[in-house]
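As structure tokens, the structure follows; a few thoughts come after it.
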Amino acid sequence: MNFWLVLTVNSVTFGGLLFLLSAGFSLIFGLMRIPNLTHGSLFMLGAYVGATFVVGLLGFQLNFWLAAILATLAVAAFGALAERLLLRRLPGDQLAQVLVTLGLSFMAADFCLLVWGGDPLNVATPAGLGGFVRVGPVAFPMYRLAIIVIATVVALGLWLLLDRTRLGAMIRAGVDDPDMARVVGIRVSQLFTIVFALGAGLAAFAGIIGGPILSVYPGLDQDMLPLALVVVILGGSGSLLGSFVGSIIIGFIYNFGQALLPELAYFVLFMPMLLVLLLRPQGLFGRHVP
Amino acid sequence: MSARLIALGIAFVALVSVPYWMPGDYYINVASQILFYAIFALGLNVLVGYAGLVSLGHAGLFGIAAYATAYMLQIGYGHSAAIVVALLVGIASMAVFAVLSLRSTGIGFIMITLALGEILWGLAYRWISLTGGDNGINVRLRPAPFGFSLTSPNTFYYTTLVIFLLSVAAMTVFVRSPFGASLMGTRDQPRRMNALGYHVWMIRFYACLVSGLLTAVSGILFVYYTQFISPQTLALTSSAEVLLMVISGGAGTLFGPMVGAALVVVVKTVVSGYIERWNFLLGAIFVAIVILMPEGLVPGSARLWRLAWRKMNASAKVPAPEGKP
Amino acid sequence: MSALTVTGLCKAFGGLRVTSNVDLNVEPGERRLIIGPNGAGKTTLFNLITGEISPDKGSIHLFGQDITKTPSRRRPHLGMARTYQIITLFARDTIIHNVSLALLGLSPARWNPLIDIKHQGHLIEHGRAALERVGLAHIAERPLAQTSYGERRRVEIAMALAQNPKLLLLDEPFAGLSIDERADVKQLLLAIPRDVTIVMIEHNMDVALEFAERITLLHFGEVILEGTRAEVVADPRTREVYLGH
């Protein structure tokens, strides 16, 4: 009984982390119509940068949350720069843009190796959340529950952004019909930069928040990118609800799969993605077909 | 035209005489690697360059042929059986890939092939009872066709060279054939081709099989070269690397994939001795080519050369004196 | 036996009915013109006839054969050829290569991966002949990218004719052409022998009317009127459809 309970909580936690990772990927895919193959690297960059701030930089040790915010902003800025300097030079050429994100992922991965070396970095659980919460006979790590709360808060925040703000309305218009949006006067290329930066920031935030659980190591990007891909294909590109539901589902499939069918773990993970691409390419809640 | 033939002749002589002018076994081995990766790139180019379908899962097909060879040898079969089975497994896998991915084109095709490649990688990584997982499978001996042992770098190189030249010849014939023209037609105007009576799906499917054959051949050469196969060979980064080879060299050309393969292999093997962060270099080169010379190095350099030639000729012309006949 | 019979053809996209119960009967050798204001569903009707989209209801018969369920790629093999409003040819290739692709489309040789396409004498011969018909044989080796719009339109017609169709569907063949180019294309079309049945969609009335024997008027996906040129031109419903009164 305990086993299933723990597995369930871990699944929801992982789902929360996946949501933070894939919400940005989904927005980028929905608006710019490209699968951002740099997304895993952005997650990893956020984790490394955040971990560095936490562990101590130039003698300053930062509060975990402050470090997380700084890492998020830094990587978001990097994302904005990459979009403006590189992707914007290939307007409308989605294939070329995907290739650029691929090249960037190579560069980012090696950059991390250069700066932080090959050893994994452990990120200490932030102060106050290191304990356990007792529910009946079971003790859950407090931090894992905290992640669920954080993911929910961010989800709400994103939903408010998309649903209640002018920027959100413009993003939704761009996702639905970029040509029409341009005609109506929306500066779609500016939106691209904003959304790419937002996506990068979210991925980075997910990376550092996930640090205490996943730690930070070379290859983290290769582990996380396919998960973002699966979630967004399943949930549907450009849909926040899709990312949310997809993250939870994949969180469960991933954890239960590893526990119950270790030999077929990846098969079980990618099958839903394949089935969706074949049978319902727009995903559960998607706005359009990739 | 004859300049081209001379260049080809020189290249042929250079390739055939590699063991005589390469400074050592290490470099002969690099040459072998360039050749079988070039075959891999030629295979991917059939889809990327001639069919207009970008695959990010080809390392899975490359790897499955390698694993099939290693596995057959491991359970006691001889080289001929292992190679035949590997070719069949490779082509059959490609057929499955094709049926699933040809439902889409463009970005959809990229994602389905990516997913399929990841599935194969995941199976190689986790189906430990079959593949040994991360430990991989070792290949103890290289084959000895007709008594010639392929253990030495020289003999392996020459075998690879023969297969490479056959592949290039096959590709040359393919590109000039009516089927090649049909395939390129479906790349440029699929709707028009359909309206002209062509079976676009079937054409693409056959192209996939051709691609699968070349990929399987290169996978088999690979596993005999390294005498080892592990899941890393099927990872997304490996699929990205071969795509890099095709695109950096020039998709849709005959020499592009070969140049691209040489570029990537040289950076991975030789340059990596001097620059530790060669992946960064590879990524940077890729981004630069996609943005600045999207047609690839081979067509791009040819274009620049023609421009330079024209500029030289233009400035060399002396304007005619006025009034004189 | 009629060349083309369309019976009760219906097509809807979501709630929008683009083709409503269309009946069409074209006799062999006829020159039929389909007219109607923008959005009348003319090109959709062509797409249904060629099979690029499948009808919700109704049937299509080509020279007596029911082709309603035949895939679009098979219809050229049954004698149907078509040109498009927007010219989508093979810009990377030469004019003669474009025509060769049209010729190959119906030939089993198109599956052959072993022979050299440049050494197929009869293919090149037929290609040149097709280009002669449209007056472009002198620039056969020119890359398509270096041709004018009018020349491309003629290449497209050459490609359609190269397939020896029994039924030729022309979707706005005069669109985007200069006056001289229009005259060239008109001559071309008038010269097509009677063993080819022609159905044309056209907006350009002065050229098209000259060409048409019978006219079908479409509006909101329905056949409003059909008859000889004189009948349709004189009918008050024609004016109503175009001018609203």
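Letters A, B and C mark the chains in the order given here, with residues in each chain numbered from 1 onward.
In this text, contacts are C-beta pairs under 8 Å (C-beta built on N, C-alpha and C of every residue); 3 or more make two chains touch, one makes a residue touch a chain.
Small disclaimer: the values here were computed from a predicted structure and weren't measured.
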Margin query: For chain B and chain C, which third chains touch each of them?
Written below: none
Notebook entry, point to check: When all chain pairs are ranked by how many C-beta pairs they have in contact, which pair ranks first?
Noted result: A-B
Item checked: Chain closest to the assembly centre - both centres taken as Cα means -> B
Next item on the list: Report the chain whose mean Cα position is at the greatest distance from that of chain A.
Entry: C
Checklist line | Where chain B and chain C are represented by their mean Cα positions, the distance between them in whole Å | finding: 42
Notebook entry, point to check: Distance from the CA centroid of chain A to that of chain B, rounded to the nearest Å?
Noted result: 33
Check: How many angstrom lie between the CA centroids of chain A and chain C, rounded to a whole number?
Finding: 51
Item checked: Sites on chain C at which at least two other chains make contact -> none
Check: Can you list the chain C residues touching chain B in their complex?
Finding: 50, 52, 72-77, 82, 84, 88-92, 97, 100-102, 104-107, 109-118, 120, 159, 163
Note to self: Quick check: in the complex, which residue numbers of chain B touch chain C?
What the structure shows: 173-174, 176-182, 185, 188-189, 191-200, 206, 210
Checklist line | Residue ranges of chain B touching chain A (in the complex, touch as defined) | finding: 54, 100, 103-104, 106-108, 110-112, 114-116, 118-119, 121-123, 125-129, 235-237, 240, 243-244, 247, 276-280, 282-284, 286-287, 290-291, 294
Checklist line | Contact set on chain A toward chain B in their complex | finding: 33-35, 86, 89-90, 94-96, 98-100, 102-111, 113-114, 222, 225-226, 229-230, 233, 262-267, 269-271, 273-274, 277-278, 281, 289-290
